[in-house]
Amino acid sequence: MQKKMVENKHLNSQFSLNSETKISVIDYDAKKFQEKEVKEIEECFHFKHTPSISWINVSGINQTEVIKQLDEHFGLHPLVLEDIKNLEQRPKIEDFGNYIYIAIRALHCNETTKEICSEQISIILGKNFVITFQTGKQKDIFEPIREKIRKNKGKIRKMQSDYLVYRIIDRIIEAYFDILENFGYEIEFLEEQLISNPNINTLGMLHNLKKEMIQIRRSIWPLREIIGSLERGESSLVKRTTRVYLRDIYYHTVQLVDNIETSRDILSEMIDVYLSSINNKTNEIMKVLTIIATIFMPLTFLAGMYGMNFKYFPEIYWKYGYLLFWIIVIVVVVSMLFYFKRKKWV
Amino acid sequence: MQKKMVENKHLNSQFSLNSETKISVIDYDAKKFQEKEVKEIEECFHFKHTPSISWINVSGINQTEVIKQLDEHFGLHPLVLEDIKNLEQRPKIEDFGNYIYIAIRALHCNETTKEICSEQISIILGKNFVITFQTGKQKDIFEPIREKIRKNKGKIRKMQSDYLVYRIIDRIIEAYFDILENFGYEIEFLEEQLISNPNINTLGMLHNLKKEMIQIRRSIWPLREIIGSLERGESSLVKRTTRVYLRDIYYHTVQLVDNIETSRDILSEMIDVYLSSINNKTNEIMKVLTIIATIFMPLTFLAGMYGMNFKYFPEIYWKYGYLLFWIIVIVVVVSMLFYFKRKKWV
Amino acid sequence: MQKKMVENKHLNSQFSLNSETKISVIDYDAKKFQEKEVKEIEECFHFKHTPSISWINVSGINQTEVIKQLDEHFGLHPLVLEDIKNLEQRPKIEDFGNYIYIAIRALHCNETTKEICSEQISIILGKNFVITFQTGKQKDIFEPIREKIRKNKGKIRKMQSDYLVYRIIDRIIEAYFDILENFGYEIEFLEEQLISNPNINTLGMLHNLKKEMIQIRRSIWPLREIIGSLERGESSLVKRTTRVYLRDIYYHTVQLVDNIETSRDILSEMIDVYLSSINNKTNEIMKVLTIIATIFMPLTFLAGMYGMNFKYFPEIYWKYGYLLFWIIVIVVVVSMLFYFKRKKWV
Amino acid sequence: MQKKMVENKHLNSQFSLNSETKISVIDYDAKKFQEKEVKEIEECFHFKHTPSISWINVSGINQTEVIKQLDEHFGLHPLVLEDIKNLEQRPKIEDFGNYIYIAIRALHCNETTKEICSEQISIILGKNFVITFQTGKQKDIFEPIREKIRKNKGKIRKMQSDYLVYRIIDRIIEAYFDILENFGYEIEFLEEQLISNPNINTLGMLHNLKKEMIQIRRSIWPLREIIGSLERGESSLVKRTTRVYLRDIYYHTVQLVDNIETSRDILSEMIDVYLSSINNKTNEIMKVLTIIATIFMPLTFLAGMYGMNFKYFPEIYWKYGYLLFWIIVIVVVVSMLFYFKRKKWV
Amino acid sequence: MQKKMVENKHLNSQFSLNSETKISVIDYDAKKFQEKEVKEIEECFHFKHTPSISWINVSGINQTEVIKQLDEHFGLHPLVLEDIKNLEQRPKIEDFGNYIYIAIRALHCNETTKEICSEQISIILGKNFVITFQTGKQKDIFEPIREKIRKNKGKIRKMQSDYLVYRIIDRIIEAYFDILENFGYEIEFLEEQLISNPNINTLGMLHNLKKEMIQIRRSIWPLREIIGSLERGESSLVKRTTRVYLRDIYYHTVQLVDNIETSRDILSEMIDVYLSSINNKTNEIMKVLTIIATIFMPLTFLAGMYGMNFKYFPEIYWKYGYLLFWIIVIVVVVSMLFYFKRKKWV
């Protein structure tokens, strides 16, 4: 079933159905290490039978044929094939007994445009192999892990395939923290702008940020369930020693959810502050208008009245008429100001 | 019990109580395949006893008698009969031991009017038969499944009746995704309009979209429970091999719920943006009004004053009176502009 | 404990403590049927010992003595007596082992005033008897059930006392659906009014409807728990065959809750639409005011200025002074309109 | 640990650390009854060993020494001592095996000021004794219970200590219902005021009521848990016969929560109604202002224009100039009114 | 994994990676007591093997080497080392069998700036040792506990290491109550200001307070889970006698959550009150403006009209023209006032 999705542009996942497929294999155990790029998918089939850990990374998933061959050779369920191809899936985990399928969304922040893109990563965890599928359009975020394996840093070479999967997920979560850190900076920047020079653009940016958070949240929430079920799960593929690491990244995802919810609350609060200040300003402006109008309208009427051309118009012939006019003006202004004072408008 | 319902017009379910009833039967197993339209309901009774899978589709449910006969022949509970006839039911699942009753709402998007209609589909899953009931007013959405059975595509002919039900529900969910995809396009369109030329119509469309989402959500939420309980349920009618497929569409419904909730959040956000911008505009307009009034009201008073007809009015006889007038005008204007500048109104 | 309640007027429950008590008894089994009105409560005591189902309906509960006698004769707990007398209870169910006490709120819609009243119905389900208590101020809604028993329609005469209770609750729920259907019509009516001629009354009606929903919701939510616990409960009074019927009305209450929540969401949405449109209108009005003021204030100043009476006032002696005045006027008007055009105000 | 609390003034709990301590003891069983006020706490120690139920009520808890002696004699945990002294606790229940400690908040409504005060009541339920601690600043609400014991009304003398605790809690809950009833009256009063003469004070009172509800809710919510855990708890101190009574007051607390939530929803609704009406009024006022300004501003300009003193001003010498002026005035007014009519402003 | 965090400035946790590390050891049991500051971490290793309780407090965690040595000597998991170093963790608890790791956030209120800072405290609870890690930038809040141990006050010297951890957490929670108490005072202050002299600053302070609460809530919520799981947990490190104390502080955290949620509700309510009053004031101001404009605009037009210079202008030559003018003025004013009276604007 070809699933079509409601996805807004901001997190546009890269459909890379016509990019080239690159397949790289890393085969390692505590003692030996082998890495190669393969052209033909068949080249990596024999790794299934080696006791060492084999990590097959498929980047660019346009060649359905390649995936199909992999699937068949490693005895995967047809639904997994479909899930790998469907790039707009909700993150999920599925335990098929002798292997576990994990779909996860990785976030990338475009360095230049500052746009955030999401990409689906499919992971298959078998007894002594791990297969990962990337779209290939984004920067490969697994390079640091490969580096660790190559240089035999940390305990990765001593551990099983489940630890490698932990490392992969950990790497993806780290990228989330980077994105959220950027959000944090943006929120701080907007907070300062809100104090120094609030305008309609600040509001627009606040709303945009909030909308992006709504979108990102969709990728983070299921992550928590996935790692939680991986850690608690009864699969024999996940060793007891690895569980403690999974519990660790589980807490990280809880923290991610926490951060994003707090940030949303704070953004809502900031938008409220802006709107309140607009309301307040309108009130201020109305006061000025009303004060001016209330003072000058009666005066203008008065001036207009003494400008009338009636033939029988006694006041204008009085000697102190003009003086009287000014006395009335001053009385009106003073009493109005007094009235505004009492109303606390000035 | 004849249930009457609170249902708004937008998702008006088609009461087709006077349309004609069409009954079609498909009988298949891995090797043979038979399809026919029957006039008399009795013609399909013998299919109950064949070991092959029989799919009886009743379209148009006005002939209560037909449903009753079917019910009686297949030994269904009287409540099931009522549920099939009640076209405004909340989606539900009921396990009666030797058969399972499922009521589901299918969504159709009218190609021309773009209106969304919902229709109740009743499904009865028995050991080697499946009975489906449609209102018959909408396009038959099961044709692709029939095509698969006819051409023996995929594994449908090799599987049992539960797999057929999975295929039917999967087809209905696919239609939901199509609808949501359309919503996605509409949201994008409105988002662009909100930036380029926001007006009261944009707001109306946003509110309409949100209202439609509230309605659709009612059909989607129970779907999740239904498929979840079908998958976890202990009915012997649902085979282990089918469960993995049910789990797959279970995740699809979770994704549907996710999408609809995210879309609602985004719509709310967009409505807020529009309202904020209106508030801001009113503020802008008030500023212009106040600036104009504050500048010209004192000046008009001044002009009116020098237009008074007092006989004893020294200033108007001064040689530089008119010049003085202009000096006062300029001083007033400049000081006002200075005041507005400080208030950041200009 | 005499409980006093916070209850708003809209759903004013009828305190009928001084209406007359009417006691009617129906005694039936599959073969025989007997119905009578009794004057003295003692007359219905012997029904307790008959193997046939006895339905004692007490309407008007002012005669505490009557209730007390019934309670004592049927061996009810003192708390049940209090619960029956307390007419403002939250719907609840209590299993006392050899009988079950159920308190439920029935809604009545006054035909003439369209006001909704609620009434407490107390039901006691025993092994072969059912006692119901009504306030007696409202129309007796159980008549259709009696009719069914009298005419031996359906399977009610063949079933036990638990089926009778199912029928009674089913009847009450049906009334809820009627009320909600009316709400549906009102919402549709208001929706049309909102489009054609929105005014402050529409808003008031929307708010009233929402307030009524908040009140009704209080009666519906506990209903779900009650029926759920009756169906799942382990009481031997509820037979397996009846459970499927209870599950059916359980789904109806879920649907009721669903409908009322969706209606509330839609009402909130409609109120938002109205308020948005008010905001928009104010903005429109402000624009008109500002445009008029911005055009005519400078012009009025100009006219006022040339009305000044300065002796040394060169312009007014110019031959083309008046023409110049008009040229200035036109330039001001045109440039203002141009400014408004650019601001998209006209 | 001396806990300090965030508590707003409205529900100011009475710190009575310098009031006098009064200790009263009631000792009873089905046959005998004894009541006395004691000066020295030692006087009531021997009641611990009598098989009859002893109710020791300590009012005014300033004499820490007294509490300490009681605690030690009855073998209470040091934490209980601290909890009794800490008057700002969240309601809680703690089962210590051979006794149960319950802290609850009682609400009092000051008759004259209509202010609501809350007071902490600590209850210790032992095998054959009950100790209660009051602050002593409020009216003693337990008098009706003592009266029942003295006059041997109801079954209280025949029951154990757990029934006495039930009675005490029941008495406290009754006070809550009284408070909520008062709220109900206030809401009704405000609802009428909102229709007849809404003003800023009405709004203030609505907000105050809502704030008081937020505060009271804090006392009610934990109550539900407390009674629920007392009823379901496995303590041998709570007899089976008492559980049915506890279940009864459990339902009362559920009803309290229900009432307070519904009241809050209704208050929010009423505040919305008020704000909507303010919005509407502002809109109405703006219309009047705009209509007046739009009509008279052009006219004033016209009049000002014909008051100009240009020497070369042909119109003013025309015979029908003045008539023409009036014709223009009428045309302007009529066309403006026509425009407003079309805009539905008049 | 070096985690970077979204943390707003208000609760800026002090990165003290270059402050000096101070290590202090307290070794005690019921009879003996020993306290010393150590320079070299090796000096406190032998305490691990003493049967007495050893409390090692590390303040300033810049010397990764020190932590590493401690970790290795006490056999801690590498992840614990990372968690101690990562100062922006979400509070968490992790049971490693023979020791428990707890990360908690302590709040400090800067005496002078009134700013609230948060600091991560890491606690390791072993069989007969407790290790705590502080950043060292804040005031050491554990001094009162040390004092209790030194002077053998209370039962701390008689209890095990789990009781010491209880005391440490209790101390941290106490600080939370202090902070919330300050919030309470601020809310009261703002409430008074809101009544006496509401202005935009009051609103700003309300919003700031609410934002701070959102941040603090993040530290408090997980606290509840931590203490709950510590109390319910099955670790043999936590003795039965200590559980009752843990349950006590568990209730304190519930109360903290309660207080913070109630305070947030009240703050929201207060902000609503302020905004309503602004809305109301704008309405009031608009009324004044409209009344003034509606009265004086027609009058000014009238005066302007009689100032026109038409040659043929009959009225101005009438004897009672001027009198008539005043009659018209009075009629206009009175009828306008009457109109406003009916509209309830004055």
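For clarity, chains are labelled A, B, C, D and E in written order, and residue numbers in each chain start from 1.
To be clear about the criterion, contacts are C-beta pairs under 8 Å (C-beta built on N, C-alpha and C of every residue); 3 or more make two chains touch, one makes a residue touch a chain.
Just so it is clear, the structure is predicted and the values come from calculations on it, not from any experiment.
Between chain B and chain D, the superposing rotation on Cα atoms measures out at 145°, rounded to the nearest 5. Shared numbers divided by all numbers used gives the overlap of an interface; between chain A and chain E this overlap falls below half, so the copies present different residues.
Here the spacing of chain C and chain D, counted between their Cα centres, is 25 Å. Between the CA-based centres of chain A and chain D the separation comes to 41 Å, rounded to the whole angstrom. In chain E, 279, 282, 286, 289, 293, 297, 300, 304, 307-309, 313 are the positions where the chain touches two or more neighbouring chains simultaneously. Chain A makes touch with chain B in their complex at residues 1, 3-9, 77, 79, 83, 89-90, 92, 94, 96, 200, 203-204, 207, 210-211, 214-215, 217-218, 271, 274-275, 278-279, 281-282, 285-286, 288-289, 292-293, 296-297, 299-300, 303-304, 306-309, 313, 316-322, 325.
Across the complex, chain E meets chain D through its residues 170, 174, 177-178, 180-181, 183-184, 187-188, 191, 244-245, 247-248, 251-252, 254-255, 258-259, 262-263, 265-266, 269, 272-273, 276-277, 279-280, 282-283, 286-287, 289-290, 293-294, 297-298, 300-301, 304-305, 307-314, 345.
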